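The two complexes that follow have chain A in common; it is paired with chain B in the first and with chain C in the second.
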Partner chain A sequence: MVLLFALTSLVPGDPAAILLGPQATPEYSQRMINEMGLNQPIHIRLWRFFSNVLQGNLGIDIVSGKPVLKMILEVMPYTIALTFAAIVLAVLTGVPLGVYAATHRGSVLDNVLAFISVAFIAVPSFVIAIFLLLIFAIWLDWLPVLGTSRSGDWLDELRRMILPTVALALGWIGFIARLVRTSMLEVMGENYIRTSRAYGLSEGLITYKYALKNACIPTITILGLGIGRLLGGAVLIEIVFARPGLGRLIYSAISERNYPVVQGAVLVVVVIFVVVNLLVDLSYSAIDPRIRHAGATGRAGA
Partner chain B sequence: MAKRISRRSLLAAGAGAAGVSAVSWPLELLAQSTGASRPLLTVRTAADFDLVDPAHRRGPTDGNVMRVVFQRLMTYKPNSSELELDAAAELKQSSPTTIDFKLKPGLMFTDGFGEMTADDVKFSFERIGLPPAAGAKESTYKGDWLHLVGVEVKSKYEGRIVLKQPRANIYDVVIADGSGCIVSKKAVEQRGVEFGLKPVGSGPYQVVSLDKQKGAVLKRNPEYKGARRGNFDEINVRVITDPKTTDLALRAGELDFAILSPAQAEPMRGVAGLNVSIQPSMAYVWLGMNMEKAPLTDIRVRQAIRLGLDVDQMLLAGYNGKVGRLNTALPPPVMGHWKEAPAYKRNVAEAKALLAAAGQSNLKLRLTLLNNPEFQNMALVARALLAEVGVTVEVDAQPGGTYWSSGKGDTGKNLELYISRFNAKFDPNFVLQWFTPDQIGNWNWSRWNSPEFDTLFKAANSEIDVAKRRQMVVDMQKEMDKTSAYVWLTNEASALVHKGWLKPASVPGWGDWQYADFSAS
Partner chain C sequence: MRGLALVVATLRQVCGSLTGAVGLAIVAMVLACAVFAPWLATHDPDALDVLNRFSAPSGAHWLGTDQLGRDLYSRMVHGAAVAMQVALSSIAIALTLGMTLGILAAYLPARSERFVLIVFDVIASFPSLVLALAVVAVFGPSTLIVVIVVAVTLVPHFGRVARSQVLTLKSAPFLEAERILGASWPRVVFYHVMPNILGPLVILASMDIPVVITIEAGLSFLGLGVRPPLASWGSLIQDGYQYLSESWVPVVVSSVALGVATLGFTLFGEALRDAVDPRIGREHG
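Presenting the complex of A and B:
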């Protein structure tokens, strides 16, 4: 946040001129600068901001006069729904693909999956989005172009979420598939896997119960980072599908130099990012008993 | 074929699937071509909503909704620059500085806020034009009500607008425009900041919901008493910032109407069920020079640059030649447009001679512009053209946040060349207000300090005699031409893309939409 405040001081552009337009008088422009606190030194602005945050006040949008928190809460459900839908789809598709590729190493399908995965990772999500729209909304006419409806019909809303979710998830599917494959190959070479085979356990049990569980840890780490990134970074998908979202809110606030909104929204993204990654860290010990035991031993030793 | 993809749309496959959809559109068209009143109109707006409040609106998105939510004393007729009475039963210029009005009785505000009275008119105009009460937010449109002394209330329905001095343009750009919208005093006081998101008016439509990033849902106001009731039960104004998404939504039938740039709309010609038409805009785009920055202080350098440019070539690059050339600040529909303004032709030899006479060789200048494709393409052509006359141009394309500050304050002193675009209205004083000396450091980026222009500007603002005013306006444009600091480029054009059955309506200039007058043909 300190960095953010410093950057807002350095970014060129007069916020009052951008926000108020040509008809604003110089006096009013100055008043707006004062209202945003931009006439104050950075340490005072920081102090005021965090004092207000502690009281649950993220500031006031200088344009509409609405509380920034309210604006964030209005768009947050869209962002959360899209992010989690995309991550769930990515996991449900990427993990089986990765496992299959690892267990069929060197096969034709492994090579095809490698090619497709890298392609999904390499192509930006907004390009994928345009292609999906052309195919499914225009040529086939199966799904709508716009990512939200005004009807209040939740089934329609779900239908409108399909394309944005797929567009956002495809890159992550490729990424997760590659990551799981690599981790699985590493784990499959471990002694305990060889021992399990020697005991005559079925290949399915070894793969999905013993190998995959341990191979998942790097994937979970990446998912934690991914969720944080998608919460504020799905802006291009939100723009292409005309969906509301936190990323779009931040983007337009930056364009307008609407600093109270930028600061409030970035703080929310940062907090969610930290919380999600904390949960990810805590989940390690639940998944892998060795980490749990190592932690307990460490504490005991201390 | 109904939903044909353009050659530029990258994918060539899928023709069979599109053929399937081709069967469906004539049925849709048939269904839509019957009946005058329709349930839903869905239109695109490119910019987000801010506040649908006359005093605190920000852009055309807010303004277009305001026009159907609020009534004014007078308003523009559909698709016309002529005015007609709206909320007023009578409106009379009782003296050069006073306007008397009498409201139609029984005009009801929505949400149970009662009948419109002269008190509401007083409140609506004074909250914009007069200093705000302590703690209240000043209107950014205060300038619209310049010279307002106040509104005197004579009776429940009658009142008088009192000005300090005559205003020639008060009907066109104030009373019939956004700053003339009449709000419910009670609703503003009760709702406070929320009023801009839950506005209360007496117009043909009322706001059902207004969400940032999503848009507005408007429904017919059952209590509206006027003649322009609207042809749709509901109007859905969708915020779609991306032109490609707009293109696809139009093809998919999810939008009924949108404005695109001519280049963006071109691939949509021939798409079944859609109409594309290009209309001149009410805007003005020019390449300007900072007259206070050496060597642009020398008129010969400015003349050389003007002669070194080829406006037609620049427009061809910027707009695919789809827009008309502008030779003066005022677009043709604006009163006082200087028809005989010279259309300068490129003359490399003369330009070089002027530079030599000014003692300039290896001249280097920076051209600042907004980073939109049209301006960038024009800037690249300008760079190539000026290179031939011996001027090296560095193109500095900036995002909006930075660009709109680059000519202001002390930063503006270092500006050299710039490309800019402003929106116009029918009134010449509105268009030319940014070029007065008091705008130096604000919006007069050429830093042109002309007392002659200023005198003419002030005189034209108060001149009621149309012929005299027109001459003053032409003289102002001549003064601008003499400086050689402005190379007028275009008034741009907008492409209207809409369903074949829809007839859009706007105040000419294609920016101020009259959603209530959209109809099914």
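Presenting the complex of A and C:
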């Protein structure tokens, strides 16, 4: 359903005319239109595109003549690595910070964190990226500036990923920390926590095993919904740091008016997005069996 | 007049917290820049002065000049106007459409309601920047496209809240009384339902402003939003970024402007939410 809508909205207007420019003769653009199958009615084009996609054929790049799928698969690992690294970093820092803020409520660090997390959430990630680039790569000269290593040197590649990952993750660290803090405070007030305290369980066990598990549910939801924003952020980050990736592919395809590539790449992004959302939906009923029953009524106010 | 008093009282409450006061100050500053841009700017934002490229901040050019010798301070002030125009117009469109659809959904029969909700889900499930990229790819970059795309992606946001608000309001005694007295549906909707659901929607709108500013700046940074020579914070950052090796001043100045503005609007939006109704829009924070 979602895919269907995505595709109908993506069928381009008249790429042949735009591709050939204003000087194209009518005969030539007609030939181009025939070659691209654009003179067919829209439902036939849509059907053809669909059946091609299902066979793993995303069309041919009109500039270089390479299959679009191959181009996408070439750059996918970069984007996935970047997004994944950013999520891991955000969760690994955000969750402990949130737990600390919740257990030390009102402390100096809690207040500082509250402000910093809002700041990180509010400031666009490409602005953060530019500042990181300026400070660490240009002024301090600690880390390599742009691009990826071509030689397949793992250590170098890792060093080049530090800045983009941090830039992408910072906003999420703040976001996750805040979310974990709020839901931890909520959970810590529940009866079962008091009961475990009364049983004499250690504070660490209560915090990390019993409270955190329940406090994680909203975080997972937000992470799922946030994948889209993260992918969008990755587009800008890839351009700031001149890294190859899905975002850069879409961007350069747009500037070249390379529609098959835009279409294919956007389709892939949307598919990733839908699959991730599905996984998120499935994962919370695995973590919290109550959601299966209560989910429908509990979400009305959201 | 009662409305004005309410606004003043709310703003006073917003100022009660430090972050709220800071946010309000920044918002007021950005709005002032946007409204009074032609008077606040010291130079014509598009006037070229190629001999004075990348001049450092000085008495003549408060924040220095860019790669074409244009006055950065004036361009930044005008950038505020562009950001506000895009943000306010797209949010106004999204608010109106979302509210209409939300009210409709709440009153429609279950089957049509489900259809509207599915449309909301479809739009909301799209990564908005990627959607914007795809649309720009088809129609070419322009300010109008940015406004439309952003508005469309925000409609479900407002629509869902409007619908759930109407649903809780529907069974309220005063509405039932009104119905029994024989009020027509336009009277119920325009006199009773709308004023009662507008509050939460306005708060949501204020929290969406930084999001819209970010999307506009992001698209303009990619050269896919506002067209040159119009100054947008995003395109200023892009210009500065391309000439980073010559001077770091433009990029830092314009990024700080964008960062401070989004931060200010976020702080303001959160303080407003806390002041009026802490339950709304938590997860979008």
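Here is the rule we go by: the second predicted complex is superposed on the first by the 238 of 302 C-alpha atoms of A that agree within 3 Å, B and C clash if a C-alpha of one lies under 4 Å from a C-alpha of the other, contacts with A are read in each partner's own complex, and residues count from 1 in each chain.
The rule is simple: contacts are C-beta pairs under 8 Å (C-beta built on N, C-alpha and C of every residue); 3 or more make two chains touch, one makes a residue touch a chain.
Quick caveat: nothing in here was measured; it's all calculated off a predicted structure.
Colleague: Which partner chains sit in contact with A:G204 here, chain B, chain C, both or neither? Use first/second/both/neither.
Modeller: neither
Colleague: On the A-aligned overlay, A:M71 touches which partner chain: chain B = first, chain C = second, or both, or neither?
Modeller: In the superposition, A:M71 touches chain B alone.
Colleague: Touching A:G106 in the superposition: chain B (first), chain C (second), both, neither?
Modeller: After superposing on A, A:G106 lies clear of both chain B and chain C.
Colleague: Once the shared chain is lined up, is A:V266 touching chain B (first), chain C (second), both, or neither of them?
Modeller: Only chain C; A:V266 stays clear of chain B.
Colleague: For A:I254 in the superposed arrangement: first (chain B), second (chain C), both or neither?
Modeller: In the superposition, A:I254 contacts both chain B and chain C.
Colleague: Which partner does A:A122 contact after superposing on A: first (chain B), second (chain C), both, neither?
Modeller: A:A122 contacts chain C only, not chain B.
Colleague: After superposition on the shared chain, which partner residues are touched by A:L134: those of chain B (first), chain C (second), both, or neither?
Modeller: Once the two structures are laid over each other on A, A:L134 reaches both partners.
Colleague: On the A-aligned overlay, A:V240 touches which partner chain: chain B = first, chain C = second, or both, or neither?
Modeller: both
Colleague: Quick check on my understanding: which residues of chain A belong to both its chain B contact set and its chain C contact set?
Modeller: After superposing on chain A, chain A residues 12-13, 130-131, 134, 138, 239-240, 254-255, 257 contact both chain B and chain C.
Colleague: If you look only at chain B, which of its residues touch chain A in the complex?
Modeller: 3, 5, 9-11, 14, 17-18, 20-21, 24, 48, 50-51, 58-59, 137-138, 140-144, 193, 196-197, 209, 211-215, 217, 236, 238-242, 244-245, 248-249, 251-252, 254, 399-402, 404-405, 408-409, 422, 434, 442-443
Colleague: Which residues of chain A touch chain B in their complex?
Modeller: 11-14, 17-28, 31, 63-66, 71, 74-75, 130-131, 133-135, 137-141, 144-146, 148, 150, 238-245, 248-249, 252, 254-257
Colleague: Under the definition above, what is the set of chain A residues touching chain C in their complex?
Modeller: So the residues of chain A in touch with chain C come to 1-2, 5-6, 9-10, 12-13, 115, 118-119, 121-124, 126-127, 130-131, 134, 138, 175, 178, 182, 218, 221-222, 227-229, 231-233, 235-236, 239-240, 250-251, 253-255, 257, 259, 262, 266, 269-270, 273-274, 277, 300-302.
Colleague: Inside the complex, what are the residues of chain C that reach chain A?
Modeller: 19, 118, 121-122, 125-130, 133-134, 136-139, 160, 164, 167, 210, 214, 217-218, 221-224, 237, 241, 244, 248, 251-252, 255, 258-259, 262-263, 265-267, 270, 279, 282-283, 285
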